[in-house]
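Two complexes follow with subunit A in common, the first pairing it with subunit B and the second with subunit C.
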Partner chain A sequence: MKIVGVTACPSGVAHTYMAAEAIRRACKERNIDVKVETQGSIGCENYLTEDDIKDADAVILTKDIDIQEADRFKGKPIVKAFAGDVIKKAPSIVEKLVQYIESTK
Partner chain B sequence: MNELKHIFKDTRKHLMTGVSYMIPFVVAGGILLALSVVIYGQGAVPTEGTWLYDLFFIGVAGFELMIPILAGYIAYSIADRAGIAPAAIAAHVGNKMGAGFFGAILAGLIGGIVVYYLKKIKVHDTIKSIMPIFVIPIVGTFITAGFMKWGLGAPIASLTNNLTAWLQGMSTQSIVVLAIIIGLMEAFDMGGPVNKVAYAFVILSVGEGIYNVPGISAVGVCVPPIGMGLATFLSPKKYTEEEKEAGRAAILMGAVGITEGAIPFAAADPVKVIPSIMVGGAAGAVTAALFNVQCMVAWGGLIVIPAIIGKIGFLIAIAVGAGVTALMVNALKKPVSERIEKDSISNADDFSVTIG
Partner chain C sequence: MENLINEKLVFTDQGFKTKEAIIEFMAAKMNDLGRLKDYPKYLEAVYERERTFPTCIGFNVAIPHGKSDSVKTPSLGFMSLKEAMIWNCDEEVKLVFLIAVPEEADSNLHLKVLAQLSTKLMDPEFRESLEQLKDAKEICSLLTFDI
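This part shows the complex of A and B:
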């Protein structure tokens, strides 16, 4: 199982990275492969390539501000949440995605 | 109509996207402008012909550009790349009329919506390629900028002017009331539009040679981040590791006068944090007013201390504001352990999976 995510926030200095870290931690706890791209104020880091996305079973996107190149994820199961919620509730979001992925298998 | 509803439902996202692109312009412009005035040392615009005047000019350029950038990227969030030019031009037109931030927000929203619908127009394949190059920029700009020029630009400018005049009238009547208002406004959205309205008044005051208003503001802008940082030190049990990390960053950001440092806390827990920083900000601002703290530059935080008259009062005011913020927010917040328990009960039902 693999989950990818993109995080971004208005000031792009704190929330973006806290949300990314929360997703990484929540996935690692369940031994899920994870890669999170951050679109902070210094720009895009850890860019998700076509291959990354092709292998992913589900996508987590923050919805505080526009995610750049969001059309990369067309056709994928996506959860959109505010960065603040991701930081607080990443484990339950991941749990929800795991249930969803297993139910579609 | 459904699409329009959809656009307005995401208003917050569009505004925040615009703000996120604007912030570097505010910081670069504001700090360089402040630096030129501080080094000049006369508490005024440096004399023409000196390198400091050039530096001042560079700072002003950053400030002028943030208006079209804000509008352009609000529209970008609504209508993608094609929205940028019409909204940015319209905001610039509005700004020349004095419509400022309100004008920029409006130009961004209108430009975005106009371009969004222009893109929907079905045209014959032969002229399809000229739509994005000619039709959308020209028609979009004409409609959006025309709307500012001949429509809402003037009313918004007079609204902004009235607001400024009203704030100025207040300053003679009761500086304390003004301090409360500035403190509340600057903390309310932490560097957002409301904060910037107060800040625009501060810039105007410096230009008019009024230095107590920027003195109040210098305290007001740095209290929210410093206060939240202080709160994480006073009650570490009430904050997660990430928040403590953000707290240290917030103190640094507060020291250089960047109110945005409090955003991570406010976004995570707005109901408890925003009232706390508003009350703390107002308390700090009032203290500064009572000590008659004066600041020669339109910026805030410890970094402006060379430009402060009444340095002790300035430091006391920051301490009071940060202290009030920290005590209030910690009184409202519950320890992390209880918080997590509550979160796990309210499971992830509100996070729905959609196929993108």
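This part shows the complex of A and C:
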């Protein structure tokens, strides 16, 4: 199983990176492959390529501000959440995604 | 490059009960150290951010921040509280990181440090150490990253 995500927030200083790390930690705990792109004040890091996205079972996007190039994820199951909620509840968001992915297999 | 944080911006075992008192105390210290250009304007930027969305992020941590041209030197203030206080609604906070970033940063370096700090804050052991440590010097070194 593989989950990808993109995080961003208004100031791009802190929440972007916390949310990204929260997703990584929640996925790693469950041995899920994960790659999270950050669109923060220092620019875009860990850019998700076509290949990264092709293999992904689901996508997590923060919805505080617009995600750049969100059309990359067309056709994939997408969960949108505020960065603050991702930081606090990443494990349960990932849990729900896993259930969803398994139910569609 | 001046470090984001130094021992004068580390406050442990504090007894503050409100977010306003915490923010104003640390911002005033930043101002005393010549790191702000306009103290009232910086405070307004921080409060504006809190109004838009409170910066308590869970895990007993709050990260109030202002990105504003009222900031001269990118700065980080750290405070640990003796007793948890209510930051917003029912959310308890024991560790506060006050962030000050200029609107137009001269370099990405400080922002990279803050990005790294944000990432580290998701680590329970890292937060635990910050809660336990009392020595300003040790806390500073924990909060300083080589990029």
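Everything that follows uses one rule, which is that the second predicted complex is superposed on the first by the 105 of 105 C-alpha atoms of A that agree within 3 Å, B and C clash if a C-alpha of one lies under 4 Å from a C-alpha of the other, contacts with A are read in each partner's own complex, and residues count from 1 in each chain.
The working rule: a residue touches a chain if its C-beta (ideal position, glycine included) is under 8 Å from a C-beta of that chain, and two chains touch if they have at least 3 such contacts.
Just so you know, these numbers come straight off a predicted model, no measurement behind them.
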Query = Mind checking subunit B and subunit C on superposed subunit A, clash or fit?
reply = clash
Task = Quick one: classify A:N46 as touching subunit B (first), subunit C (second), both or neither.
result = neither
Ask   = Who touches more of subunit A, subunit B or subunit C?
value = B
Request  = Look at A:E21 in the shared chain and tell me whether it touches subunit B only, subunit C only, both, or neither; answer first, second, both or neither.
outcome  = both
Task = Identify the partner contact of A:T38: answer first if only subunit B is touched, second if only subunit C is, both if each is, neither if none is.
result = second
Query = Is A:Q68 touching the first partner subunit B, the second partner subunit C, both, or neither of them?
reply = neither
Query = Touching A:V13, do we find subunit B (first), subunit C (second), both, or neither?
reply = both
Request  = Answer with first, second, both or neither: which of subunit B and subunit C does A:G84 touch in the superposed model?
outcome  = both
Part of subunit B, among the options 43-51, 97-105 or 187-195, whose backbone runs into subunit C after overlay = 187-195
Message = Under the contact rule defined above, give the subunit A residues that sit at the interface with subunit B and also at the interface with subunit C.
response = 10-11, 13-15, 18, 21-22, 41, 64, 82, 84, 87-88
Message = Can you tell me which positions in subunit C touch subunit A when the two form their complex?
response = 49, 52-53, 55, 57-58, 63, 65, 67, 99, 101, 105, 108, 111-112, 114-119, 121-122
Ask   = Along subunit A, where are the residues that touch subunit B in the complex?
value = 8-15, 18, 21-22, 41, 58-59, 63-66, 70, 73-85, 87-89, 92-93, 95-97, 100
Message = Under the stated contact criterion, what part of subunit A meets subunit C in this complex?
response = 10-11, 13-18, 20-22, 25, 38, 40-43, 64, 82, 84, 87-88
Task = Would you pull the subunit B residues touching subunit A in the complex into a rising list?
result = 13, 16-17, 19-20, 23-24, 76-77, 191, 242, 246, 249, 260-261, 263-264, 267-269, 343-344, 347-348, 351-356
